[in-house]
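First chain A sits with chain B, and in the next complex the same chain sits with chain C.
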Partner chain A sequence: MYKWLSVLSMVVAAQAAAEPVIIPAGEYKPAVLLDETVEVVVMPAFKLDAAPVTYAQYLEFVSENEKWQRDNIAAIFHDGNYLKSWPGNEELPAGFESKAVTQVSWFAARAYCDAQSGRLPTLDEWEYASNYYLQQQNLSDKEYAQMLFARNSNPTAYSKQDVDANIEHLEYMHNRVNEWVEDYQLLLTNGDNNDLLAGSCGDSARFMADFGDASYATFFRYQSRSNYRPQSTTSTLGFRCAYDMEK
Partner chain B sequence: MKNLIFALSVMLLGSGVAVAQDHSQHNHHDHKNHTTFKAEPVNKEHSIYHLDGEWQAHTGESLTLANFQGQPVVISMIYGSCTTACPVLVNDARRIFEALPEAYKQEVKLVMVSFDEDRDTPAALAEYAKKYNLGDDVWTFLHGDDNNIRALATLLGVRYRKRSDGDFDHSNLVTVLDVHGRVVERVEGLNRPVEDAVNALVKIIDENHLLHH
Partner chain C sequence: MKTFIKSAVASALLVSFAGLPVIAEANVPLKHDSEYVIDGKIYGMPKAKIYRDDYNGPAVVGDYVTMVPHLAELDYKGNKEHEVRMDVFSQKVEVAPGVSYNAWTFGGSVPGPVLHVREGDRVVFKMKNRSTEEVVITKPFKGASPYFDQIAANQLQKHQPVVAPMPHSMDFHSGTVAANDKWATIAPGETIEFEWIANYAGTYMYHCGTSSVLMHTAMGQYGAVVVSPKEGYPTDKEVDQEYVIVQSEMYLEQMGEDYIYDHSAALARDPSHVVFNGHVSALSENPLKSNAGDRVRIHFLNAGPSGTSSFHVIGAIFDKVWAEGDPRNTWYGMQTVLLGASSSATVEFIVPEEGVYKLVDHEFADAERGAAGALYAGPRKK
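Now for the complex of A and B:
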């Protein structure tokens, strides 16, 4: 009996740590050009979590890393609202196990991925994976734009939908939460004080590579990402981790 | 426009004045020069020494940033193969140091952190330090991995981006940290007046009675 229980728990544990998805090498045309001389970026293969990190997975991380628990996190790493909805350091809000974790700062997201021997995806990796996802799902530019605007019309409702942490293909890129990327700061806005590539609205629009059906939706997405600070812990911002391919 | 900028650059270089590389006004098609990113605002209440990553000094020694705790620090981020803004940033740190009252100098550390994990090995940084004739007791040049570099830059409010040619676009920022690693003064831009940084350092040393030790 005990033997069977332990086997069962091993199966459950194996499921909790679902394999990341391989994003094959290829080329991608950034929607917003950070470097006008580089219109096509050559991307090596890498691995990406199929789904955003869930509350249950994040709980496991903070249980093993006390300094990232709600009451222990260093003040410099968050804006005061880190895991604010959690009733305790190791206690999830009721019913949130399978939702994408939010209220996590950039620093916290990085620490989580580091603990999984991963890292946050770069902006290029995330956007490239998004293109790959849209192709896999056979979504037209219009459908993608509709998906995005639907979420942005009520982001809190979307962020509270469950995610399947055991899914085997890339999912939830645009219909759960916004996601941290490693170098999101490249498109930070400075209010009216717009310097080159700082990501003011005007800047992003000027740097857009083309203006198809998907363009405005993508522009909108870049802009909302650009409003974060590394300490931001909003209730609609989560993350997933990337991993290098084994050498 | 390009020619005008080029001519201005030559004039400024010729007169020994650092070119601040402020491209905020120029047209976006000229990417031959590096872009200067404006620095981000930062949290000044808390210590950056919470970052616990490991770094290698140009002397070969391994350390964490918390090693600098207990004395004021002048910190900036550069890369070794940068021939425009970076030597000016190094010199700006030196100018701050040299403007200190003599007795205060030994209480201050100057820390230059490289953006360039690949090229700026500790050995390459040692060469760099030697070229600038900077004593090891005052200067520390740090090599780290991309992960630690990104985290430190973020806390200091230094924006940077690795370009496809291997060089970096970055903010030009010299920061003064107090004995706890909190940001107390930031000098943004190149070849700026040093008074505020010097006054901040003197104040930290006085308030912590470091001269009596």
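Now for the complex of A and C:
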């Protein structure tokens, strides 16, 4: 009986997410100039999940929201592979409780965050938080770029590592999964016009604030994610939620 | 068909009025209302289709699709429509002894398969983005191209399926189309289907054009299309062997036990390896073969992504070189052919004696990093 209780409490503890962390207001210089007239973005404070959403947390969500269960999701909200690795509607693949949830479409990620009274972070918020994280972790540009290219070289090896859902500081920004953001579909602009060279074989130099390793790595994240559809689900794409500061 | 004949005749008339030689008309029939003919070449392909389907058949399909250095024989007369599939997915491949990385590939190898067609042929191309799947290419598959058997017989790259979800695209340099439509990027699970006409003879690169195009190509997404001239090369009857070599650079760094892509090195054009046909030992473990007195033809493509190649055969002179593989671009008596990234040449030489002939990139910094191979010549048979 005691044994059971302790197991139960562990499960409950694992599912209770830590409080989101506050990302303080500040200025941020995007690595990629999406609009050539804007070099510095002023960011208000906001809150962001410390870790990507885990399978256990997502299970809780689908248990309460049947229409987002694997067999019940509307066809227009996914590409056919939504939660494909789950044995059942409310059954996780074995051993996946503490991994970042993947095989979720942008629609599903938004619905999850909405249910937590949150939302997906904007691209600016996510990148601003990433800068904040790199400073906190004291990671050099070179280390950051290497981390990102290493993940892109073998994404499955990273997505299969556990995350600590109770962590109290910002974590796992670059070494678990790629993450959905609200405005993930890039609209590269040139003043008022869409950029003609966006898309295939685009030279990225026109968009770079500087030409260091870190900026190229960041640009690669922008670009590859922007080619997904909102229905796309993959085994290496997850998300975390953002929240406005209380007024 | 009616429209085609009318426009073909009209263009032929126009050309002859202008005092220029009349160029032979196109041989494959027009197929879509959007198509038109200029100088015997067909333009105006219909829009690409992008859709999702559950395809899990062979990842490479096409009777004239082979593994480097092989080139399929064109055993048909005139022109033909080819149904070709090269799915895109990841694969762990070895590029040097003990050095493997998770490549992004067309069809599972680096370089990807060789497609052989004739000038004027139509290619109906399909590609599914299967980067979310483990795709096995080392087992025989019914309906697969000859490429599959050749991979099974040559396991130098030690192919192992890996999952690495990523959007990708296909850009055939041999196709003349609007790139924003046909070379569109597709997300994992999607299939793209489009057509192109092999309007120009030559050896052409194909590659993924998705940003960062440097990373996508350096990760292994390239290969060769050989478009043989409609009227052939003047030496067709004398050629004893015909091979394909694709040169490329690898930018790898060690991380733990694995090797990963090094973007800084790629930007600095400082490759860890430069390879013929995807492995530093590809053409020494399995040398090209011929006999003394043979005429050997090599379709040589420098895929880059960023470096040049100065291709040379030690002990031979290229008596004929067709720049880019176009039979109108003939050079004679070349010791070395200099090729920029994505350039090609079709070279021929007489194998002078029995022996071993080394093939090198005469830019020795590249040869030292792996761009070397061999042709083994047996005794004269003629």
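Here is the rule we use: the second predicted complex is superposed on the first by the 214 of 247 C-alpha atoms of A that agree within 3 Å, B and C clash if a C-alpha of one lies under 4 Å from a C-alpha of the other, contacts with A are read in each partner's own complex, and residues count from 1 in each chain.
By our rule, a residue touches a chain if its C-beta (ideal position, glycine included) is under 8 Å from a C-beta of that chain, and two chains touch if they have at least 3 such contacts.
The structure presented is a predicted model; accordingly, all values stated were derived computationally and were not measured.
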{"item": "First (chain B), second (chain C), both or neither touched by A:W106", "value": "first"}
{"item": "Partner chain in contact with A:E182 - chain B first, chain C second, else both or neither", "value": "first"}
{"item": "Which superposed partner A:L48 touches (first chain B, second chain C, both, neither)", "value": "neither"}
{"item": "Which superposed partner A:F77 touches (first chain B, second chain C, both, neither)", "value": "first"}
{"item": "Touching partner for A:S224 - first (chain B), second (chain C), both, neither", "value": "second"}
{"item": "Chain B versus chain C as contact partner of A:D213, first or second or both or neither", "value": "second"}
{"item": "Touching partner for A:L237 - first (chain B), second (chain C), both, neither", "value": "second"}
{"item": "Set of chain A residues, in rising order, touched by both chain B and chain C", "value": "229"}
{"item": "Interfacial residue positions of chain B with respect to chain A in the complex", "value": "23-24, 28-29, 31, 35-38, 40, 43, 45-48, 50, 147, 150-151, 154-155, 159, 161, 163-164, 169"}
{"item": "Of chain A, residues touching chain C in the complex", "value": "79-81, 142, 145-146, 149-150, 152-156, 199-202, 204, 213, 216-217, 219-220, 223-224, 227-229, 232-237"}
{"item": "Residue ranges of chain C touching chain A (in the complex, touch as defined)", "value": "52, 54, 101-102, 131-132, 162-167, 169, 171, 179-180, 183-190, 209-213, 215, 219, 255, 258, 260-264, 267"}
{"item": "Touching residues on chain A, where the partner in the complex is chain B", "value": "34-38, 74-77, 106-107, 110, 114, 119, 182-183, 185-186, 188, 190, 193-198, 206-207, 229-231"}
